[in-house]
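Paired with subunit B in one complex and with subunit C in the other, subunit A is shared by the two complexes that follow.
And then the complex of A and B:
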């Protein structure tokens, strides 16, 4: 392939009898290359993620706000912010619980609808590829646009209300953004529309990867289709299901863009998610230190939750990673 | 698994799912081509009788709606379109480049070790609203606030876990023996990666690039808190249009939303088969 003149001796993998020194040298060079390749990524993560996080962590133990001058002159107040959040700040606790409820409701619906559609796609029918693409469309729309679109659809004289009045008669349509419960419904509908396709996609790839032999064996042993599905197929899908839940759970805890466009957390704070609350603390009320403390509580909670969710499949995942 | 045909009731369920899925997109596209009289009509006008591009023109020429006797938007979206293109393209190129180097390091030189996936995942768990707080403070101290440089730096850092792990899953699929053969033929390691490994994952590289572009193009919160006057992106402009003209300029808002959507829908369909891999950090292969 290459002219032999430009071979560096230590790079040839088949020297006649490599001396101990040469092997060692090659090993170090190999490691050095690995480290060099990793360096740019590590540097940018260090300066853009790790340093700001450390600053935020320090800040969360102070009473700093931009109006009080430099961060270095801020008062150290220990765990005061954390105590305030957990014990006295009902708005924070409510935002956390609300986000969790949104998460449970949305993920359950997304999982069930996504699984149903994926099972449908195991059937034989024409135009499958086209319908598959169509069903994935929502995933490809940016969250801000999704939020805006549903904000428009749910307007009091918008298309959804016009359809409702057409079928149920005049006056049947609610003013979606005026009451807490209906505003919460718009958030759930928007989220479910946006992310059900991800469950559908992941579950369908999982279903298609289920090996045929155990299924055949179960059928031969006399299992009916329902038993095959619940007892054979679903357990094999478990890792895929867990991955889908973990990833969506992480995202929904951060839920911001869609709600910002839809309701801005209103009416009142009835659709305020954790991210929206932290955003308002930091950028509307300039309580930056307090907001940082809230963020770390959320991080700890999320880590715990993900750890819990991953437990049933941790070994399989680590094996797959090799 | 089962290869039974679709029965009639199931076909109806499927049809319903497709309609519900496509209706919001249909509505927004139709609104974008409606003249002002049709925007808010009761009963709703599903398909405009006289479709027009005036809403799109208004995005770049705020007075274009004058022909309908409607006041335009206060500010054009030109800068936002420029900003979105600049930030997304530069950040995507750098994120994929840096991610590729890291992916080769992790796959071939086992850099990072086994704990890395969880470390990287935990980076994704922190609410962006909270990372944004120290960013704004640090960036305003060192003069990076309201600059594309600052925004791009954040975009690279935030998408790096995705580009690294997606690319690693592609590099893992290239057998080491191919590179070793090239090295026996006299290539250096670096050259073997450049001329053997990278061409072999061309498809994966393309998919990763589009996937990272989708993430950058969609980003909202960082752009919102880091932009004041000199920089802007499409999502930020859309939010401003909605706040400033709520309930009045539906058509123009929808036109900007459609403009934002077009590149993503194209990119999304091009990498449809890799979406699962991207979304799951390479854990689901197909």
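And then the complex of A and C:
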């Protein structure tokens, strides 16, 4: 968590005032008033956000477990938890890598399908408004419900398998949750179904905001539709694409509900994500301190990842006005 | 090589199945190396005309010839026309160099040729030091140079400029106006400006086509459009302040001929005897504000009261009310009367222009000189 910014009243521009001194005086008084008014909100966020975060941070340097009494009595073990996680806990490292692979596969598919749909929606066709609403619906369904629904759909005698046997013949349908790879496929399918609409929505609004004249200019300079798309439209869309990826990346690192409902991380730990592993650490094994350390590592990793993702468009985003 | 560079033949554009006629059958010929301005208020059809020439819109009827060849149905990229947009439409995500080379890369030119031409264009437009800059960081007049350069490198047969100066500040505007003149002299381009700004048109173009309501009202040398407007619209549109126009009728009394309205009664010179309509026929009387002279009461002329005086540097625009009609007069600032003064306006016979009250055409110009309606 970053520190919440102090909205200084001096940022609000005032109309021209009679003298500099008067402005200064009034400015100081307004500033003081502003701080006073902001105090309750800041205190609340201090207790709700900062205190638990600090407690958890401290906890990650101890061997505390709720079964062993108060946190204050827990032994301070320094970076032991972190060392354990990074060096010896292969299950944690695997969960991290697995989550990243899920992220790359899902986000790529979501982006490609979402972009395709968005480009399709630039044209006029019958039933566009209806299809638009339908396409956005998955996004609004609770993750738990999505996970449960797809768990049902992927049952060995479920609708998906019935469809497969109908088209490919009896025996062609796999038992989805029994092998690692097919279980992973169910996670990807569910996630892509659930979140492609977000990409679609963001990319569609981005495409609509692409100015018309550079596109026309490219056409007049002889570019064919494909060249216009790749050389003009897509580069102008890049900041929007990156934002969509950042939002989804932050979400998918936290992937939990759907996997929990679909596979519980199994078979074995073949679909276990970071969140799922930390959940198991905390609530199955009661290793809360160890879980807290894992959570902090993930937070640091996520910050780094988002920073990296934003690099190509940071200048564009920050200096766009001028 | 004497054939015109661009020829519009009875060009027409309708929208909504003919309910809206944006361009109403216009003819226009632009010679090689000529600079022509399409001038008119917004909504007059000039932008639609431009889009049709470029190929962004297909005409409903009529033809467009470039170098004697019809380009109807030809894709915009195949017409060999350059267009500089009003908002420049520079590719902001690319560097200046990439912007300039865009059309050439699309055209599949060899690298060395692209580098050579981009270098030339950058030199010509003073962009050499900016080639590696990202276009997003450029200012207005630099963006316009990039937009012009990006088009020029493809060596278009015709360069179209849509409101080229309207997005620039006054100072940059002057500089760009000079620059465009210089460029034109240097590479002998055929240029068509689309603009609503008469100063821009008058200062840049060899010939001006004045448009209103989808028609070309007059297509002539710049000086002629100003001095001998072919149509009431042209008279009212060109010049600042615009020509004074008064509706009235002709009175014929033997060989003598005069113009008469509720407020004005002006004897007309004999040159109108042949062209003016018969006694009692409607006409529109026109006189430019700078041609009217203000004298003191007692002199012969039109008597009126000064209702406003607007100083404008070395001169002043004086509005004189006579009856319920106001006439604008431009006088040297030093000679301006005060508001409320009674004055007499003298209207020199040489500068009177008469338009038909029915067709709005200049009666002294033969119909062939004015654009066909």
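Methods note: the second predicted complex is superposed on the first by the 277 of 322 C-alpha atoms of A that agree within 3 Å, B and C clash if a C-alpha of one lies under 4 Å from a C-alpha of the other, contacts with A are read in each partner's own complex, and residues count from 1 in each chain.
As a convention for this text, contacts are C-beta pairs under 8 Å (C-beta built on N, C-alpha and C of every residue); 3 or more make two chains touch, one makes a residue touch a chain.
In this text the structure is predicted, and so the values were computed from the model without any measurement.
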item: Combined model on subunit A: subunit C and subunit B, fit or clash; value: fit
item: First (subunit B), second (subunit C), both or neither touched by A:214; value: second
item: Partner chain in contact with A:222 - subunit B first, subunit C second, else both or neither; value: second
item: Winner by number of subunit A residues touched, once subunit B and subunit C are compared; value: B
item: Touched partner set for A:312, first subunit B, second subunit C, both or neither; value: neither
item: Contacts of A:231 with subunit B and subunit C, given as first, second, both or neither; value: second
item: Partner chain(s) touched by A:152 [first = subunit B, second = subunit C, both, neither]; value: first
item: Which superposed partner A:69 touches (first subunit B, second subunit C, both, neither); value: neither
item: Contacts of A:27 with subunit B and subunit C, given as first, second, both or neither; value: neither
item: Shortest CA-CA distance between subunit B and subunit C [superposed frame, angstrom]; value: 11
item: Those residues of subunit A which subunit B touches in one complex and subunit C touches in the other; value: 320, 322
item: Contacting residues of subunit A [partner subunit B, same complex]; value: 1-4, 6-8, 11-14, 30-31, 33-35, 37-38, 40-41, 44-45, 47-49, 51-53, 55-56, 59, 66, 71, 113, 116-117, 120, 122-125, 131, 133-146, 148-153, 155, 157-159, 162, 193, 197-198, 201-202, 205-210, 212, 215, 225, 233, 240, 243-244, 247, 250, 253-254, 256-257, 260-261, 274-276, 278-279, 282-283, 288, 291-292, 294-296, 298-299, 302-303, 306, 317-318, 320-322
item: Residue numbers on subunit A that touch subunit C, as the complex places them; value: 211, 213-214, 216-224, 227, 231-232, 235-236, 238, 316, 319-320, 322
item: In the complex with subunit A, residue positions of subunit B that touch it; value: 1-6, 10-11, 13-14, 17-18, 20-22, 24-25, 27-28, 31, 40, 42-44, 46, 98-99, 101-102, 104-106, 108-112, 114, 117, 121-138, 153-154, 156-157, 160, 164, 172, 180, 182-190, 214, 217-218, 220-221, 225, 235, 238-239, 242, 247, 250, 253-254, 257, 260-261, 264-265, 267-269, 272, 275-276, 279-281, 283-286
item: Complex contacts: residues of subunit C adjacent to subunit A; value: 54-56, 75-78, 81-83, 85, 87, 89-94, 102-103, 106-107, 136-137, 147, 150-151, 154
